[in-house]
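As written, the chains take the letters A, B, C and D, and residue 1 is the first residue of each chain.
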Amino acid sequence: MKRTVPLLITFIVGAVLILAEFVPHEPFGNFGEDFSLYFDIIAVFAFLLGGGNLIRVHVTKVQRKKKDWPFSIVTLVGFLGMLAAGLLKIGNPDGIQGDVAKLGSLFNDLYMFIFTPLQASMFALLAFFVGSASYRAFRAKNLDATILLVAAFVILLGRTPFGLWLTSGLEGSLSFLQIPNLANWIMGVPNLAGQRAIMIGIALGVISMSLRLILGVERTYLGQDNE
Amino acid sequence: MELLRSRIIIGITLLSMVLMFGSALAQDADKRDVLDSTAVRVGTFKKPVNLPIPAQLDVVEDSEGDAGSSITVSWLPSPDDGAGKNNVIEYQILRSESQDGEYVIVGSASRGMTQFQDATTTDGVTYFYYVRTISKDGGANSQISAGIQSSPQWFNTKDLDTFIIGLIICAAVIYFIYHAQKGKKFFLRQIAGLEAVDEAIGRATEMGRSILFIPGINDMDDVQTVAGITILGRVAKTIAEYDTKINMPVSRSIVMTTARETIKQAYVAAGRPDAYSDDMVHYLTDEQFGYVAAVDGIMVREKPATCFYLGAFFAESLIMAETGNSIGAIQIAGTAMPAQLPFFVAACDYTLIGEELFAASAYLSGEPKQLGSLKGQDVGKIIAMIVILGLCGLYTVASISDSVSLLDFADKIKGLFSAS
Amino acid sequence: MGFWNTMLAVDRRWIFLLVFLSLLIPMFLGVTFKLSISPEVQTLYDTLEQLPNGSTVLMTFDYDPPSAPELQPMADAAVKYAFKRDFKLIIMGLWPQGPLQAEISVREAMKDPEIQARNLEYGVDYVNLGFQAGNEFVIQRMGTDFREAFPRDIRGTDYSEVPLLKNTKNFSNVDFVFNFSAGYPGTVEWVQIAVDRFGVKLGAGNTAVQAPLAYPYLGAGQLVGLLGGMRGGAEFERLTGFKAKATTFMLSQTFAHAIVIVFVILGNIAYFVTRKKEQ
Amino acid sequence: MHFDLGVWIGAFLTLGIISFLYKDNPWYKICEAIFVGISAGYWIASLFWQNLVSKLYDNLAPAIVALFHGQIQYNLLYLVAGILGIMMLLRLIPQIGWISRWPLALVVGATAGLQFINYLVSNGVKQIYNTIVPVFGPVSDAGGIPPVATTGEGIGNVIILIGTFTGLVYFFFSKEHKGLFGGAAKVGTWFLMITFGASFGYTVMSRMSLLIGRIDFLVNDWIRGTFG
């Protein structure tokens, strides 16, 4: 009961959804869409578990005065404040009927003035990390690493004016050696080939993984046998 | 034994070729039927001055392999299409519920096109169509089609080839799972990232530091996350045996629930159920960059000795991997997001590339059934390789010898892979 | 050799600092590149120039703030240009945050004294239809009737109540479509549906990462022109005469890029020099 | 001097995040704490209205009302979604926590089924289709295959073919990378390396532009905006 029923559910749902792909007739044609709707709804219920966990972790931290506990208060205030602003639609020009992110509501203000700059700044850290990662990774330590380096270097050069400038002397039949052309060629030929191999491999990996799940060969995610 | 196996593989491959070719022929036969029963009356036209020569209706039929509510109208292009001062601007498609009734425009198609799908029909209602060819001077009408109805189909014939290809790969995977179960042993090559798992956990144990496990930032409706969780199941067992600490911040509530079940089972299986605690897995936020901000914080403060990144990743991959690198952790990553693989390769010690991520849990489990499925995957690869090489060769021969019949033959087989 | 040893294991914070400075300093330099204009930018500009004053132009903002550094300058220049030519401007977005980015461009354009003097009126000279979910299907629906896809504008006014939209039923009433795109849905979808099926004239501004995907459409004539990344934006700014952010941004970007290249070279020199020494 | 609170908050948060690059510090910790709290609240509240209210309640409530009037509507099926959601919550009660595996089993089964098809079509079959081209011309344009225009393109096609082929060889699990097969796998890894290097190099520029956006905000909106 505790494990057989779930395995059965997985099997039936998985198999039906695969077959439904080939049956356009109602109701099968919509199964995929229906599922994503169901999933969204289940996920919202699950938020109670996640959100509850977030509160519990930080309340415990504050209670036990663990390291950095004052920051937990900040998290809790931010979380509960944002939640209240959103669920009660505080300051929403259209009241509780209005769109939750309506311009002028507290929820939208918090989003615009706090959420957005944080998100953009965190994203922007990538510029730094791209720098430090290329410094370390692109070194000709062995053959593989050298190939990685050369490909990256040509592409990097090809996207700046230097690339053209360096090799503008190569004209006529040698013009394909100009770095921007070379960069385009790398993107369009060997890069494409590698991408294809990766993608076909992924397709096979997913198919095999899906079958293992549907057939119940892989069942670790269901937890233990008897509880 | 080796001989038998290769024979089976060749057998499956040949069978697949036969099946695919058969389905191509079947599809072709279908098309012929339609042409024979063309529901169109074709007449002759007088060309008025300055108006374009009208397009002629070709086939008007219920759209194939759909859920109904759609009729496909196709036409032979007007001779004025594409050139001249009467050049066609567009084709308008008009519809009525009775032959002599009022016709209304249901859509238009730009010049050069010869087909239109009217997806606004009601099943069971009879419609009549004609096509109006528009040039700058006005429009010229085609004949009116015979009455036609739309209806839903039970099988999508357009996807028959996909169905068969899927079936063959499934058959191969199931065949090898079955044989593995019977006790047949398969050779499997080593994957460096997986060989390193035990060592990485051992290192954390020796250093008395924790292990960080990141299952990506997608929810359980992404098979990559599921793959990450199944690997967690194996890794957690070793962690339980070594009595190492695991810290698993997640960005999805359902992943949290699933990960807890998985780790708990691993601890029970390792005979140490008491050592398990729900606190090993904790939820942070669904927001991609909020999650990374917190994970980065955890990394620099807790300094885990080992970091696993296994699942679906986006731009945050490099932020985490670089921070992990800066604290000197051993990093094992795996994802099927092609855009993020380069960053993991650059910043991590080991990276499971695409397919290897999905194979990892099978590898680590060591269960014959699971390993068998990997052998089945390889059959899929053989098919892909044979198809690619064979058809490219065929095309090349066809184009060098300029043989139309050979080209047609190659097109037909290639058409099997034109999945919609 | 001590120098190279240090270089090999240089504290990454130095790298961070250099990246930061390489982006920051060009913003104060005021140096401008002498840019040659790429053909795809030129054709886009020429097509716009050929439109009669007062034409109806649809601008679709299919990106969000993270891509704004690359796309906003183009959008700013395009909106300004449209207002100066008295184009009737219809704004929309297939990305939720796109129409908000458009508002930023409009606000920016309104700061221009020449445009201010025209007393442009919302609803008469320009309108923002807002965001509509549904990706390419929105374009599809617009093919028959804009109103079906956008029953109301961003301010909640009914489609039929907006004076500018009185005579705009579908793509056949639009003279030009300008798409700013950072991915899906974006230029590819606009080409496949609006151009291929409804025959609109389409120009696009893409992020540097997206642009190569759109190049094939230029060759086939499905796109009249393309602005690729900051460089495309800078070239467009030069053509329209609105020298603004793309030009400075491009300098920053090129500088930072050069810094990364220098790092890679230094890293390799350090590696080889120190290795030789060990041997 | 012109003071805009929104801009100052933005600047405070932006610099706080960037300060992490130097080292972990209380400023970053505050930003991180705010970010986690606000964003978790943002998603939960947004999805509450979007999914629970708009998708579940708005569809289910009328169907239930209709049920009392003796009508059975298709939307009643949403009840199943609601029940599955509640089952998920039963984890909170240890005695019957195992019921939460049912919705989970549904999720995993559906994911397996749907992605099986998606990947088969778009990653597998389509990629194979695109790889099939004549490697050497001359070709009549009759068959609808792109003709090979130049020798260069022909060579390109051969390289794509070799790369895809050897790449697949690399991914083989059940054969040891030795001998000729190992050689092919080695070539495959070279192609993968080119792919990784090229994609990495290709992304650098757009990553820089992200930071340009933030610096532009700091320089122009914040400093120039405040102090003229």
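Here, a residue touches a chain if its C-beta (ideal position, glycine included) is under 8 Å from a C-beta of that chain, and two chains touch if they have at least 3 such contacts.
Everything numeric in this text was worked out from a predicted model, so none of it was measured.
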item: Chains touching both chain B and chain C, listed by label; value: A, D
item: Per-chain Cα centre nearest the global Cα centre, belonging to chain; value: D
item: Pair joined by the larger number of C-beta contacts - A-C, A-B; value: A-B
item: Gap in Å, rounded to a whole number, between the CA centres of chain C and chain A; value: 24
item: Chain B-chain D separation of Cα centroids, rounded to whole Å; value: 14
item: Whole-Å gap between the CA centroids of chain A and chain D; value: 4
item: Residue list for chain D, restricted to those that touch at least two other chains; value: 17, 20-21, 29, 31-32, 35-36, 38-40, 42-44, 88, 91, 101, 104, 107-108, 110, 112, 115-117, 119-120, 124-125, 128, 131, 161, 164-165, 168, 171, 192, 195-197, 199-200, 202-205, 208, 210-211, 213
item: Sites on chain B at which at least two other chains make contact; value: 166, 169, 221, 223, 226, 254, 257-258, 261, 283-287, 289-290, 293, 301, 338, 341, 343, 345-346, 353-356, 359, 374, 377, 380-381, 384
item: Shared interface positions of chain A, touching two or more other chains; value: 18, 21, 39, 42-43, 46-51, 54, 68, 115-116, 118-120, 122-123, 125-128, 130, 132, 134, 136-138, 148-149, 152-153, 156, 159, 187, 195, 198-202, 204, 206-207, 209-211, 213, 221-223
item: Contacting residues of chain A [partner chain B, same complex]; value: 18, 21-26, 29, 36, 39, 42-43, 46-51, 53-54, 57, 68, 115, 118-119, 122-123, 125-126, 129-130, 132-134, 136-138, 148, 195, 198-202, 204-213, 215, 217-218, 220-224
item: Parts of chain C lying in touch with chain B, wherever the complex brings them together; value: 12, 143-144, 196-199
item: Contact set on chain B toward chain C in their complex; value: 89-90, 107-110, 113, 326
item: Contact set on chain D toward chain A in their complex; value: 5-6, 9-10, 13-14, 16-18, 20-21, 29-52, 55-56, 77-78, 80-82, 84-86, 88-89, 91-92, 97-98, 101-110, 112-117, 119-120, 123-125, 127-128, 130-131, 152, 156, 159-168, 170-171, 188-205, 207-208, 210-211, 213-214, 217
item: Of all residues in chain A, those that touch chain D in their complex; value: 2-3, 5-7, 9-18, 21, 32, 34-35, 37-51, 54, 68, 71-72, 74-83, 85-87, 100-101, 107, 110-128, 130, 134, 137-138, 143-145, 147-156, 159, 176, 185-204, 206-207, 209-211, 213-214, 221-223, 227
